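The following pair of complexes shares a single chain, chain A, combined with chain B in the former and chain C in the latter.
This part shows the complex of A and B:
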C-alpha cells in the first residue's frame, strides 16, 4: 500500500490523484469491459471472482499492516489477501491488487523498473481501487439526515463496502476539487486521523451488518487442492503428486489451527 | 566408495575418451533379475563403459540378494562403481553452492522437500554461508526425507534413490560433458523421470547453468528395454506374448509416433499389455519413457 495517508498529507494525495485521474478512469473502464462479461453487480464479489481466476490465496495473517500482495514467481503472479483484516479492507485490497495484477507495468515486465515512482505507483493502485468501489459518495453523504458526521461516514462505509479512510479521501476530493465545500473539508481533516476504534459496536448501534468490519478468516489456497487432485487422477503412477497433496493438507490444517488462536 | 576411489573415478571421467555411462535405479535392477534367463546382462551392459549406482540406491538394492548378486556379476562386462553421495562434492570440484542448487532443483517436484531445504538447510542465509556439504547432506537425508520401516527392519528413505540419481546425472552432464558421450538412466520409476525433467527445466533457466555445455540425459524404462530387445531379436516372436504377460503390467508410456507425412505425434498414455504387444510390431514408434 502507499505511504500512510494522514490529515497532514491529505492535500498532497488529492494533488497526486489529479495527475493520474484520466489514466485511472481509462483503466476502470477497460476493466469493466474486459473482465466483467457476466455483468456482476456487487463490486466486492466481482473483485474476488476475478482474483480467484488468478489463483487467489486467502489466508489470515496476524499483521494489521499487511493487507495483501502479488507474489511473482517467474512469469506466474499470485494474488494474496490477508483475511485477518476486516472485510472492508479486504475488498479495498482486492481492487488494489487487481491494479497490480493487470495494469502495473512494474510487475508486467518482470524486471524491476526503477524509473517508476513507487509511491505514485501505489497511489495509482489505491486510486484505482477507490474508483472501482465508489459511486457518487458525496451525494450519498448529503442524502443522509443523520446529525453526526461519523454516523454518516459509517453509513457510507456500509453502502460502498469501503474502509473508513477511503471514504474520507473520496469525500475530501469531491469537497475540494468540485464543490469547494470548506465545511466538509474541515470536518474530514478533524476526524481523519481518529478512526473510531469501536467500529463493530458503531455498526450495531446504527443497525448495520457488523460483519463488514470484522475479519472473515477465510483460508483458501488458490484452487491448488483441486489442481493436485486432478493431476493425481491423471498420473496414478507418480508418487510426488500425492506427497504434495498431503503437504498442502498439512499446511492448510496448520493455518486453520493458527486461525483458531487468532479468532478466539 | 570414498577418498582414493573417487579421485580415480574423477581421473577416469576426465581422460577425454567419449564415455558411455549408465546409471541404475533399483526398480530396473529388480526387473533385470527377472528376465536374466531371457536376456543376459552382457547383451544389455557391455556397450557401456561404466555402470554407476548411487549409495542411496545401493542400500535399496541390497535388500535383495538376487539384486545384489546381479550387480556383482556386472563387473564382468563393465566398470561398476557405487558412489557415496558425500563424494559428489569432489566430483563438482568442491563447488558447494552449485551442488546445493543441483539438490534443490532435483527435489523441486516435492514441495515439502523444497520447503525443508529452504527452512532447515539454507535457513534464510545466502548460499555462500551454507554449512559444510557433508553436514547438510546428512540433515537432509536423516530429517528431510520421509521414512518408513520395511519388513526386513531397514528404514526406507522415500525418494532418496530418485533424488540421488537425478543429482548424479546432472553432475556428469554439466561437469564432464567433454568426456561423456551418453548418460542413460535405467529406471521405470515415473518419479525419477519427473525429477530429472523438472530439474532440467529449471537448470535451463538458471543463470549459473544455462549457458554451460551439457550432455543430455536419457532413459531406458522397462518398456523401452522390451521394445529394444524385440528389435534386436533378443526375445523371439514366439515368446513375446508370454514374456510381456509375465514381466509387464499396464503402465503409462511416453512415446512418439511418426505419421505418414513424417511429422511426429507425441503421446503419453496408459497402455495395456494387448496394446503394448501391437506397439512392439510398430516401427514408427519411439519410446521416450
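This part shows the complex of A and C:
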C-alpha cells in the first residue's frame, strides 16, 4: 500500500525523493530507450500501449482508493487498472504499475522474497510515474497568468494529465530543492489536503476538457478473448476451451452490467 | 478402496480436485458445469468442507466419471501443475486501514480473480 502523502509528511517525501532521484532518472531513460521504439509522444498513450502489450486488464471497480495492481500468478504478471477512477488517476497508476512490472526487484520471481522497504518501494514507483509524466511543471506554472492558485494547478493537471496531488508534489519539490520559493511552498502546504471536490465543474469553468477528471469505465480483458478463440481454432476437439470461452463471455457481461450501475 | 476412506481424507481430496482442475485447464466454473456440481458445492468439496457422506459420495462419483478415474487414483493424485508461490500485489491502493470494500467492488474482485486464473491458463 502506498503511503498517503499529506501536508504533514510532504517534506519527508521530498527527502525520500532525493535519495532515489538518480536511480529513478536512470530508469526513466532506460524505459524510453527500451520500450518507446515507435516514438510515441503522448505519455498517457505510451504507458497504456506498453501495458497492453503485457495483457493489461481494464476493469471498473467501485472503490475510490484501489487504482490498480500487478497481479502475479505463477510465472505471469498481469497489470490491472481500475477504470472507475478518473482518467487522470488511471494515467498516473499506469506509470506506477510500469515501474513494478519492469523494475521492481521485489516482483522478480527469483528474488521476490528479499526484504525491501515497502514504503520506499512505493515511493520509487510514484516517483518514476511523476518523472515520466512531468516536464518542467514549475516553469509552466509560472507561465500562467491566472491569479488563482487552484486554477493554475488545474491547468497543470490538464497539460500534464496528472492528478492534483502529483502536480503539487512536483511543484513543491522544485520550489524547495531548486528555487527556494517560499511563497509557492506555503501555498502548496495550505492547499495540499484540500483537493477541490468540484473538479469537473472547475475544468468546465476554465474551458478545459472535463473528461480527464471523469472515469472512463473501459472494459478490456487484455486480449484474452482473442487468445482463447485462436486456441479453439487450433484445437477444435478440446471442449473445455469452448467452455472457458463461454465462461469468459459471462464474466464480461457481468462486468458490463456492473458498469451500467456505476455510470448512472 | 472405499468412498469412506476418501471421505475421511476429504481435505486431501479437495486439494487433489483443485489440482485436477488446474492440470486440465479448467476454471472452477467450467469444471462445475462439466461435472454438473454447483459452484458453491464444488468450493466446499475443494475446501474439504462437505460433512455429509452421502452428498460427498454423489459428487465425488460425478468427478470420477468425468475424469475417467477410480477412487485410488483420486486419493493418490500427483499434480502435474507445480504450485508456485502466488503473490498478489495491490499496489496503487491508498485506502485507510479501516476501509472496507463495498459488495459491488468485492464482486468485481471475484470476477478479476477468475479472469487472472484464465490468463494463467492461456498465457503460460
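Note that in this section the second predicted complex is superposed on the first by the 258 of 264 C-alpha atoms of A that agree within 3 Å, B and C clash if a C-alpha of one lies under 4 Å from a C-alpha of the other, contacts with A are read in each partner's own complex, and residues count from 1 in each chain.
The rule we apply is simple: a residue touches a chain if its C-beta (ideal position, glycine included) is under 8 Å from a C-beta of that chain, and two chains touch if they have at least 3 such contacts.
Fair warning: this is a prediction, and the values are worked out from it, not measured in the lab.
Novice: So if we stack both complexes on chain A, do chain B and chain C clash, or do they fit?
Specialist: Result for chain B and chain C: clash.
Novice: Once the structures are superposed on A, label A:235 by its partner contacts, choosing first (chain B), second (chain C), both or neither.
Specialist: Only chain B; A:235 stays clear of chain C.
Novice: Under the stated touch criterion, which partner chain does A:154 make contact with: chain B (first), chain C (second), both, or neither?
Specialist: Neither partner.
Novice: More residues of chain A are touched by which chain, chain B or chain C?
Specialist: Of chain B and chain C, more residues of chain A lie in contact with C.
Novice: Taking the superposition on A as described, I'd like to know which of chain B and chain C A:244 touches: first, second, both or neither.
Specialist: Both partners, chain B and chain C.
Novice: Given 40-48, 94-102 or 148-156, which part of chain B has C-alpha atoms clashing with chain C after the fit on chain A?
Specialist: So the stretch of chain B colliding with chain C after superposition is 94-102.
Novice: Hey, what residues of chain A end up touching chain B and chain C alike?
Specialist: 74, 240, 243-244, 247-248
Novice: Touching residues of chain A toward chain C in the complex: what are they?
Specialist: Listed in rising order, the residues of chain A that touch chain C are 1-2, 4, 55, 57, 59-63, 65-76, 78, 80, 93, 96-97, 100, 107, 109, 112, 122, 125, 221-222, 224, 227-228, 231, 240-241, 243-244, 247-248, 250-251, 254-255, 258, 261-262.
Novice: Could you pull out which chain C residues touch chain A in their complex?
Specialist: Touch list, chain C to chain A: 24-27, 29-30, 33-34, 84-96, 99, 101-102, 104-105, 107-109, 111-112, 114-124.
Novice: Which part of chain B faces chain A closely enough to touch in the complex?
Specialist: Those residues of chain B that touch chain A are 109-112, 115, 146, 158-159, 190-191, 194-195, 205, 251-252.
Novice: Would you mind writing out the residues of chain A in touch with chain B in their complex?
Specialist: Listed in rising order, the residues are 74, 235-240, 243-244, 246-248.
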